[in-house]
Each structure stands twice: as C-alpha cells, then as structure tokens.
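Some structures to go through are shown next.
What follows is chain A paired twice: with chain B in the first complex and chain C in the second.
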Partner chain A sequence: MTLDEFVQNFAEQFDDTPMSKFNPSTDYKQLEEWGSLTALSIITMVDAEMEKRITGSNLKACTTIEELYNFIQAL
Partner chain B sequence: MYNPFSIEGKTVLVTGASSGIGRCVAVECSKMGAKLVLTGRDETRLNETLSMLEGPNHTAIVADLADKESLNAMVSQLPVLDGVSHNAGISKINMIKFIKEEELLEIMQTNAFSTVLLTKQLVAKKKLNKPSSLVFTSSVSGNDCVRHGESLYAASKGSISGFAKAAALDLAAQGVRVNCVNPGMVMTELFKSAQDASMEDLGELKKLFPMKRFGNPEDVAHGVIYLLSEASSWVTGAELKIDGGYTLM
Partner chain C sequence: MQVYIEAISYYLPEKVITNAELAKIFPEWTEEKIAKKLGILERHVTAEDETASDMAVAAAEKLFSEHGIDKGSIDYLIFCTQSADYVLPTTACLIQNRLGLNDTIGAVDLNLGCSGWIFGLSMAKGLIAGGMAGNVLLLTAETYSKYMHPKDKGNRTIFGDGAAATLVSTQGIAEIGNFSFGADGEGAKNLIVRTGGARCRKSKNDLVFDDFGNPKSSDYLYMNGTEILNYTLDRIPTLIEDVLKKNSVSIENIDLHVYHQANKYIANLQRVKMKIPVEKYYCCFENIGNTVSSTIPIALCEALKDGTIQQGMKVLSVAQGLGYSWGGVMMKF
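Now for the complex of A and B:
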C-alpha cells in the first residue's frame, strides 16, 4: 500500500471529517473526530488491509499519518 | 462439616485448561477435592496446569475442540463425568466493515460450535452421570452488554447462552443441569491481548466498575464451583453474571 493509498484508507475511517483535512503531515490526534472508536477503526483497517498488527499504544506514540505509515511499513 | 458447596470426589472435565479462566477453574476445583480431566490445545501449557493441581489421579488430554475429529477422540477417552466446565474460547476485535468470513467461522467454531458439539458428544456417548452439571463460560458481552469492536465475540457468546437454555430444558429429564457464568472483564492473557488492540486506558476503564477492580480468574472459578456443586441442584438454564457490577451502570 502506498502512502497516498494509506492516507485515503485512513480518511475513510472518519465519517464527519472532510477528505481535505487528511494528508501525510496531518496530526491525526488533533482531529475533532479522533477518539477510541476511530482509533479502533484504524487498528482494524491496518489488520484487514495491510495484515499488520498495531496497538493503541502505537497510535499514541505516532503523530502524523506519514509517521504511522512508516512505522507500519517497518513492522 | 456441613458443606453443600463441596465438589469433593466429583469427576470434572475442564476445557480451555491450558490458560486463563480454564486453568484457574482446574486449580480451584482440585483444591476442593475434585478429580480433574483437563483438555486444551497446547500440550506444554496443559501439562503446566496439570502440575499445578492438588491431589492425585488427575489426567490431561490434548485436543482442539474446533476440530471435530479431535473433539470426538477426546470425548471417547473420557470417564463418566459429574461435571463439565467449558472455557475454550478466543477473542477478536474487529469493526463490522472489516469482518472476514474466515474470522467469523474461526471464532464461532472455537467458542460456540464447540459448546454445542461437545455437549452433543457427551450426551450421545453417555459420558454424563445422573445427576451432573455442565457450566459454560459465556460472557456479559453479547448477553448483558457489548463494547465497540466485539461483534464477533458477542455473537459467539450470545450463541453459547442461547444454547445453554435450550440444552437445560432438553437435558433436565436426564438429570443434567446446564448453566452459564457470564464474566465481565477478567485479567487473563486473552483480555490483555484484546485490550492492547484498543485505545482504552486501563485506569479509566477500571473506574467503570463499581467494585473498582477488574475480575480475577478466581472470581469466576468460584461461581463455576457453585454451579458444579449440589448447592445449585435446583438451578438450570441460568446465567450467573460475575462482573463487579459493571453492567449496573
């Protein structure tokens, strides 16, 4: 999965945040819609689409979508 | 000493005995003087449980209850039982749109289908004494409440509880009681791995419990022992919620 595809998939887990808010440098924890439910969606998206396991702690440790993408790619 | 809660001398099968609640039920039952037959998938961990038991004459049979052949072979080796504590179970956190059919099948096979097929085999092969008691470890999830991402687990546990009621009715005339324990969040490896996948802070989560702590496996094991004992001889088709008051709020 490319970084652009990851940003797209990441954005799709949000219902109320417009696509324009998402790019590789988005600080996702600052999004109004960010919370335990969207976090769980990201964790399960990564599991289903990338076959990689990440945890809530990993999401807390990363800041931008690109940083998270790089972290997952290194797994 | 008068003790209607005694299970001394009873022969009890414990499934899922290689870890978590199943392992604890086995250890606690042995301390109460029961003769245990343990089953689980992992031979090393099953033997660890066997070595933790008090008293003589306990046995272990390695089996995967999600596999029909393995289940049938295990049941064939069993002595006639006074009780069963069925704990074999797995969990999977998922959001609805990411559910895969193979994951659904895996969790239903391990948690729900094994409960039905184990009961069927025990009855068909006349492995249950009259009277005897079957105790299924279900969950508050799918029966009393549910949390985000638990749909597959909740579906499997709801299935167990539904089946238990029907089995209680069908088997009552044969002197077989069937009940469930419904634990809330109990500190086991299964809980820790599921929790690790979510974003919830354990400290914050604990505040949702009126008793201000998560469950210990012993809390559940003691409920199982009550349902195995003669103290519950008029209890069948029941669900014993063991959740520290979690579902009250």
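Now for the complex of A and C:
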C-alpha cells in the first residue's frame, strides 16, 4: 500500500471530517473526530488492508499519518 | 450420551437507557453516531437494589412457566456471574433456596464474563454425560452497570444488564456438540475491576481520564478497547477454526452463526474477517446491548422466536471474554 492509499484509507475511517483535512503530515490526534472509536477503526483497517497488527500505544506514539505509515511498513 | 439444550428464557430489568439519554450526558456523541457505530439503540439497567441473582431468579421463573418445567426435576444449578450477592457464601446456594429447588441438588457459582455461557454449557454437558445430573439449570446474569463510572462513555454505551436461564438435559431442542476453550491471564489487565477482591479490598480513589477522555480507575470497570480489539482479531479466527475441526464441519456447513453479541462494530469485524454471509450471522444487540454472559442464550432465544433457527440447523456459537477466556461450541437444532 502506498502512502497516498494509506492516507485515503485512513480518511475513510472518519465520518464527519472532510477529506481535505487529511494529508501525510496531518497530526491525526488533533482532529476533532479523533477518539476511541476512530482508533479502533484504524487498527481494523490496518489489520484488514495491510495484514499488520498495531496497538493503541502505537497510535499514541505516532504524530502524523506518514509517521504511522512508516511505522507500520517497518513491522 | 447425547446432551441437549431443552429450553431457554431470559429476563431484562425494567429500566431502559436510550441513546438520547446518553447523548445528553456525552454531547460529543450523537444518538445517530452511537446507533451507527455500535448498533445499540437502548440497554437495560438494574435498579439500585436489584442484583444479578434477582435477575437470575426472574429468568429461571420465566423458564419454568414459559416451558412448563417442573422445578423438582432440576438436579444441578450453575450460576455464572461476576456480580455475586456476597463475597461469600456461594450465590447459587441462595438461588436454590429462593427458587425452591430440591436440597439434594449441586449448586455452584461460575465466575466468568462474556465466555461464561459457553463454559457453563460445557460443564452442564459434562455433568450429564458423566451421569452426575439429569437436568442442569444454567443461569447467567450480569450487572456491569454497577461497576461503571458515570462518565464512562464507552462502556455505558455498550453494556446492558440482563439474565438468561438455560435448561440442559438428556432431551431437547438442540444437541450440544463439541467445544473449544482458551485462557490467557496475560490479558487480565485489559478488562478489569481492580479493587474489591482479595488482592486489593479497599478502594484506591485513583481516578484519571485517558487520552480519549474516558475515566480510568481501579475502583470501576476498566476496558482497554484497542487491546480488546486486538485480542478479538487474534483469537476469534483460530477459535472458530478449532470448533469447526472438533465438530468435523466446514464453515460453509454452518447454517447460522450466533456469537457473543458485543456490539455492531465487533460483529461486522468478525463476520467480514471470517467471510460469513450477512444472512447467516445473527445480531441481537439493538435493544439489549451487551449483557456479558447472557448474550448468546438471549440471541438463541430470539432466533428461535423469530423463526431464524429452524429444526435441522447447525448453529455455531463463540465468545471472547475477559480473563482472557474464550470458547466455542456447535449445536444441532
């Protein structure tokens, strides 16, 4: 999965946040819609689309979408 | 010897909490968002003075009256709860007395969460197959509402109180097949009430709020949602495969999947991951919520009532619960 595709998949886990808010440098924890349910959706997306397992702590440790993507790629 | 589920009934407490009420308390969530994400519209909660054993007694009385069962025929009682009336004695003994069951029966408590009905059913089957009992009354009841902090948005949205009564016997509507079990105490910390037990009897008053604004305290129910999600992703596929193997069937030969009813999010996740057609995956949480150890018998009861379960069907049930503890069984209706 490319970084652009990851950003797209990441954005699709949000219901109310416009696509324009998402790019590789988005600090996702600052998004108003970020919360426990969106965190679960990201973990599920990563499991389904990338067959990789991440934790809540991993989501907490990363800041931008690109940083998270790079972390997952290195798993 | 073949062992069967003979009958199931359930009881839900009178008080209902709607999404509208929760949205008032937690304005960052709307009624629609709760319904869309979790698929739960309302959940029942016990009154201040109503306990799990009160609900279990009500469920058992319903079982006796709805199915014309003679309570004198019960020779073993298993009560599954994590909300016992007292630290001691055994709540099942109190229930024996309240229900007016014979004083020659076996009566035990079983302390398990969401996997409780599966384990209780396996014990009931073992007692009957081993010739130690003929009619086992399996009661499951839970009141997690009493363990939750008032500001606990996640858990208050998901969990509901409720009880179920399942009669296991040498005859009945569903032959109980083979089981698969699992346990891993490493996961205990991810769904826990830390105080009140022997390890730490006194309250700690250590309430903090996590990054998502959810309360985290040793004195209340704590759930690490992301860890519980990963536990489900890790264990459910292998659990299902193992139950199927132990019953010598393929997943395509299962007519209906009636799993622990956690919520819509987990249900969809399991269904998609296991490639189960939507029409074969039964959901029963919309007006009930997650009643912990009673979700599967309640769902089976509803599936029987609405005609989803027909005679001749193979039904698969699996549950993942705190502990960690997980289990599954196949039933032939």
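Convention: the second predicted complex is superposed on the first by the 75 of 75 C-alpha atoms of A that agree within 3 Å, B and C clash if a C-alpha of one lies under 4 Å from a C-alpha of the other, contacts with A are read in each partner's own complex, and residues count from 1 in each chain.
As a working rule, contacts are C-beta pairs under 8 Å (C-beta built on N, C-alpha and C of every residue); 3 or more make two chains touch, one makes a residue touch a chain.
Remember, predicted model here, so these are calculated numbers, not experimental data.
**Q** I'd like to know which partner A:Ala39 touches here: chain B for first, chain C for second, both or neither.
**A** Both: A:Ala39 reaches chain B and chain C.
**Q** Can A:Asp47 be said to touch chain B (first), chain C (second), both, or neither?
**A** A:Asp47: touches chain B and chain C.
**Q** In the superposed arrangement, does A:Leu3 touch chain B (first), chain C (second), both or neither?
**A** neither
**Q** Figure out whether A:Asp15 sits in contact with chain B (first) or chain C (second), or with both, or with neither.
**A** second
**Q** Check chain A for residues that touch chain B in one structure and chain C in the other, and list them.
**A** 35-37, 39-40, 43-44, 47-48, 53, 55-56, 59-60
**Q** Give every residue of chain A touching chain B within the complex, in rising order.
**A** 35-37, 39-41, 43-45, 47-48, 53, 55-57, 59-60
**Q** Okay, in this complex, where on chain C does chain A touch?
**A** It comes out as residues 28, 33, 36-37, 154, 211-214, 224-227, 229-230, 233-234, 265, 269, 272-273.
**Q** So in the complex, which bits of chain A are touching chain C?
**A** 15, 29, 35-37, 39-40, 43-44, 47-48, 53, 55-56, 59-60
**Q** Along chain B, where are the residues that touch chain A in the complex?
**A** Residue positions touching the partner: 93-95, 98, 100, 148-149, 196-200.
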